[in-house]
Amino acid sequence: MGNFQIRTDLALEARESITEADSELRGVRVEEYYLEKEDIQVTKVMIDTKNAAKAMGKAVGTYVTMEAPALVEPDEGYHREISGCLAKELLDLIPDGDRELSVLVVGLGNREVTADSLGPQVVDNLFITRHVVKEYGKAAYNCSRMNLVSSMEPGVMAKTGMETAEIVKGVVSETTPDLLIVIDALAARSTRRLNRTIQITNTGIQPGSGVGNHRNALTEEELGIPVIAIGVPTVVDAATIVGDALKKWLDEEMDKKFDSRLAFAELNNMYMTGKDIDAVIKRVSFTLSEGINMAMEKNNVVCDG
Amino acid sequence: MGNFQIRTDLALEARESITEADSELRGVRVEEYYLEKEDIQVTKVMIDTKNAAKAMGKAVGTYVTMEAPALVEPDEGYHREISGCLAKELLDLIPDGDRELSVLVVGLGNREVTADSLGPQVVDNLFITRHVVKEYGKAAYNCSRMNLVSSMEPGVMAKTGMETAEIVKGVVSETTPDLLIVIDALAARSTRRLNRTIQITNTGIQPGSGVGNHRNALTEEELGIPVIAIGVPTVVDAATIVGDALKKWLDEEMDKKFDSRLAFAELNNMYMTGKDIDAVIKRVSFTLSEGINMAMEKNNVVCDG
Amino acid sequence: MGNFQIRTDLALEARESITEADSELRGVRVEEYYLEKEDIQVTKVMIDTKNAAKAMGKAVGTYVTMEAPALVEPDEGYHREISGCLAKELLDLIPDGDRELSVLVVGLGNREVTADSLGPQVVDNLFITRHVVKEYGKAAYNCSRMNLVSSMEPGVMAKTGMETAEIVKGVVSETTPDLLIVIDALAARSTRRLNRTIQITNTGIQPGSGVGNHRNALTEEELGIPVIAIGVPTVVDAATIVGDALKKWLDEEMDKKFDSRLAFAELNNMYMTGKDIDAVIKRVSFTLSEGINMAMEKNNVVCDG
Amino acid sequence: MGNFQIRTDLALEARESITEADSELRGVRVEEYYLEKEDIQVTKVMIDTKNAAKAMGKAVGTYVTMEAPALVEPDEGYHREISGCLAKELLDLIPDGDRELSVLVVGLGNREVTADSLGPQVVDNLFITRHVVKEYGKAAYNCSRMNLVSSMEPGVMAKTGMETAEIVKGVVSETTPDLLIVIDALAARSTRRLNRTIQITNTGIQPGSGVGNHRNALTEEELGIPVIAIGVPTVVDAATIVGDALKKWLDEEMDKKFDSRLAFAELNNMYMTGKDIDAVIKRVSFTLSEGINMAMEKNNVVCDG
């Protein structure tokens, strides 16, 4: 089949798009397990070499994907079990995750565009402690060891006139956190994955990724501290999905090669999204916030007596 | 070419989709003119008979379409010239538009979903007079004749548990306006028309129309007063656009019949929208509000002395 | 002490302002109890006669006040114990509360003014069932008996041009609920009660009450169905508090009579509110929503087998 | 009279509170003029010495106050004449204002608290150019000389865990603007000045000022670049106004000394604000944005031919 450019932010989908002949791609390891009670399928794609990174169109690093169909369903407890799984996977990716950390959580995206508002909505619900500990000490929370959590919503370039990377870099160098966690809405290739998949990666944010198509990298290389990115696909790139649909139809009906990008110029910069996106984003962001809150709390050592 | 179901709220597009053989469709009249200074193409589609209505998939009535490419561009004056043109066309469609009227403007749609927030945003900027005139008389505005303007945002069924039509019907029967103006975000068939086309019609809102797919009618028949609907297409139905793209490609490459709805089940209930939708909707809604404000003011007779 | 006009929406405070000589006021009964585990002080003021109503400046009916200091504190479970107590008191006030009911919940107030946004925020979190039961029957929830819950946010007169009472009356007569529950932000007399007191009353909403000073009544007399009002004081009337402060100071320092309303004309229409009002309202509204949700669910009979 | 602590962010009011004997305070100069057509009273208070600064409780620098009663009235053109006056006064305070500048505008305050949302709302409406000029050059705007405008909304410490000053300092050092403009909602002493007074000062933001009571300074000394602060009083400190009201009453009725802060402990951290604050802030912020936009544009040199 043709080799048109895939537009997906999910390493899982990039992996799938590589044809069977390549499937034992060197430098890529895949681990999978299924949490039956929680109905979560966890897949870890580890890209170990630059060659593999090039073939996948993804940076070297670890990509954990949690597929949790329940995420799109309403739940009184905001899917606490998914938050718990997220907390565990997040802690696994944090280098030296078991010491006291100062963590800055950045919510990327545009609060005014529903499908791109995941990041801002997640930081709305975080448990922020840095200012209290700085002012009153850990004793304020009755802890002898405690993570310092801060957060920011840098906004979009059209409104700020600044690259997100400039803003984050400035704040990181002034407030010197040990770790950056970046939240972003992603583009998937398949509508099947919308709003029910969480990707956690230690590669940070690469240029061109996210619903907002970030221009600059937010990576350890750029910022000098580890960067973990957490994302949920909330949109499907329109040209990609048309190309996929067409390819599937052609595969069935005839034997034709075809480049979707050329065919559908009018679809550039168009995104597809579902109709109940507002309620879904609101719920999913709550589940993510809780996952981060849980991860941050696990480190805290409560004083006794 | 196959006869799959068109998903468009624009009579203009429904008209275009009828093939040439039918183009002299009985019971449909079309008038066009171009406003050079304002760069607005105005098309009036008048559906006069039930047969024509059935062929078009649109109710009997008049549909005025203003195509104004400038709408998507930022403008310090919020495109006052387009507001002026809208005011004129709106007044033309109001029966007995030159007497004092009590007008209820209803903003349909979901404020939380950017592409569906046109109606709520338009009513935010209206000049509301009913309560002041009821309390202090027209003298409060130094007018001897003056329209009474009220507005409401009924919200969406998932949040209210009530049909929009139930809510509007109740408020109409309690506050007895002479005219209902309904604002709604529409679905277009072509991305070319997104956010730059205004449709004004005296048919009201039909079931299944709008981004939110209204279930019940808001029409003169249902409500007992004339209903004018003003809409701007802000989304394209995903399955339709895939079908159109595919048809175009097939027409060029081969000779194949094809039903897009069957092919792309996964696209049902998916909408496509542009990336700068938040800023565009904000601007367009302001232009619409001003158009309605202008139309309402034209009727007012200022007292002298 | 002088007899200036009290501005409080709390029957509890109206009761307190009556001096000791009058304390055995005929036609007013008071019951109190304290929930130790939940730290909630419950006071029921029952105004039985028109004379007592006049003396109190409150309509005949029952006023339940829950004083819950914990309400202003953050809590992961959103004070579920307070929601439970609210559910119980609410059910006690519903006539024939143990049969299947269709309930319309109305969130009064202005979403754009933080201190007045309680009503709109409460209806945001309700569990709405009416449209689902109407469409699919109670079987959709696996229940043989189930309350139908709908909700609306009528908005403020400056934006709608209509009285809240007109809008609600229209919707009630069109959708025919059995019961109306109205949520509103209240004005208290004492800053001590701000955001930590919930008043539930079967008198509905009287003219001149609430932060928005409603002009018309929302009562059983007006609407033909029972109306229960739930409110939380979020502001203190500025002139009242100045008067109270001054009176207290004068009582201590000297022996002087004094009318605060005359003294402080510049304070009319000014409200006092705390600095963290946004976070507090967000939390309190969640607790209230849960209380209403619990009350509504208690009635439902789940099918077995 | 007593010497209790004044809580006002307006130099004009600090000046007024100094009694007549001190009125020829050394080191303080006052200039006044009245714009008849626009109905704007302009007062410039120049504090030249540290002693004067101490007496006034305000930093050394220039404070321009525009009193424009029209600001609280609705106006279709959003008070363009006031914007024009603001643009002029702003340019007068910018050092070397007639060369090309890179300007960062910071909107302080809490978007969720109506009275504190002025700063965020002002930056919403600015004309942002920095990213376009960086990417495409000044030619994109057909200019040979052009200011670069960027903006940010740092949020509040309870949500970010960081001091506003830390965030701004980081972004300033990363994006190196020539000038900082800071917008903030202020506390006034008199309700008469609410929402109709604009203060422009070259002293930046001092600790303890603004509705949000900023803890750290945003000044040239701290940031290394000139800082101009623009503010509008949107609240009155409750304890101060009670004290003032009481003092006035006492002055008339008797001869008593009195410290308002001691008297009214329950009023600490309470603010008073008007009931139509949402609509007023929306309008005032638009007028301010336009003033800044005009000031920024005056510098631009449009290319010819």
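As written, the chain order gives the labels A, B, C and D, with residue 1 at the start of each chain.
The rule is short, and it goes like this: a residue touches a chain if its C-beta (ideal position, glycine included) is under 8 Å from a C-beta of that chain, and two chains touch if they have at least 3 such contacts.
Keep in mind that this is a model prediction, so the values were computed, not measured.
Trainee: For chain A and chain D, which third chains touch each of them?
Mentor: none
Trainee: Quick one: report the Å distance separating chain A from chain B, using the average Cα coordinate of each chain.
Mentor: Spacing between the chain centres: roughly 38 Å.
Trainee: Hey, how far is the Cα centre of chain B from the one of chain D, in Å?
Mentor: 42
Trainee: Provide the list of chain B residues touching at least two other chains, using ranges where the numbers run on.
Mentor: In chain B, the residues touching two or more other chains are 158.
Trainee: What pattern do the touching chains form: line, ring, star, complete or other?
Mentor: Contact map by chain: ring.
Trainee: All pairs of touching chains, please: list them by chain label.
Mentor: The list of touching pairs comes to A-B, A-D, B-C, C-D.
Trainee: For chain B, which residues are in contact with chain A within the complex?
Mentor: 110, 112-115, 158, 190-192, 211-213, 236, 238, 241-242, 245-246, 249, 253, 256, 263-264, 266-267, 269-279
Trainee: Could you pull out which chain B residues touch chain C in their complex?
Mentor: 123-124, 128-132, 148-155, 157-163, 166-167, 169-175
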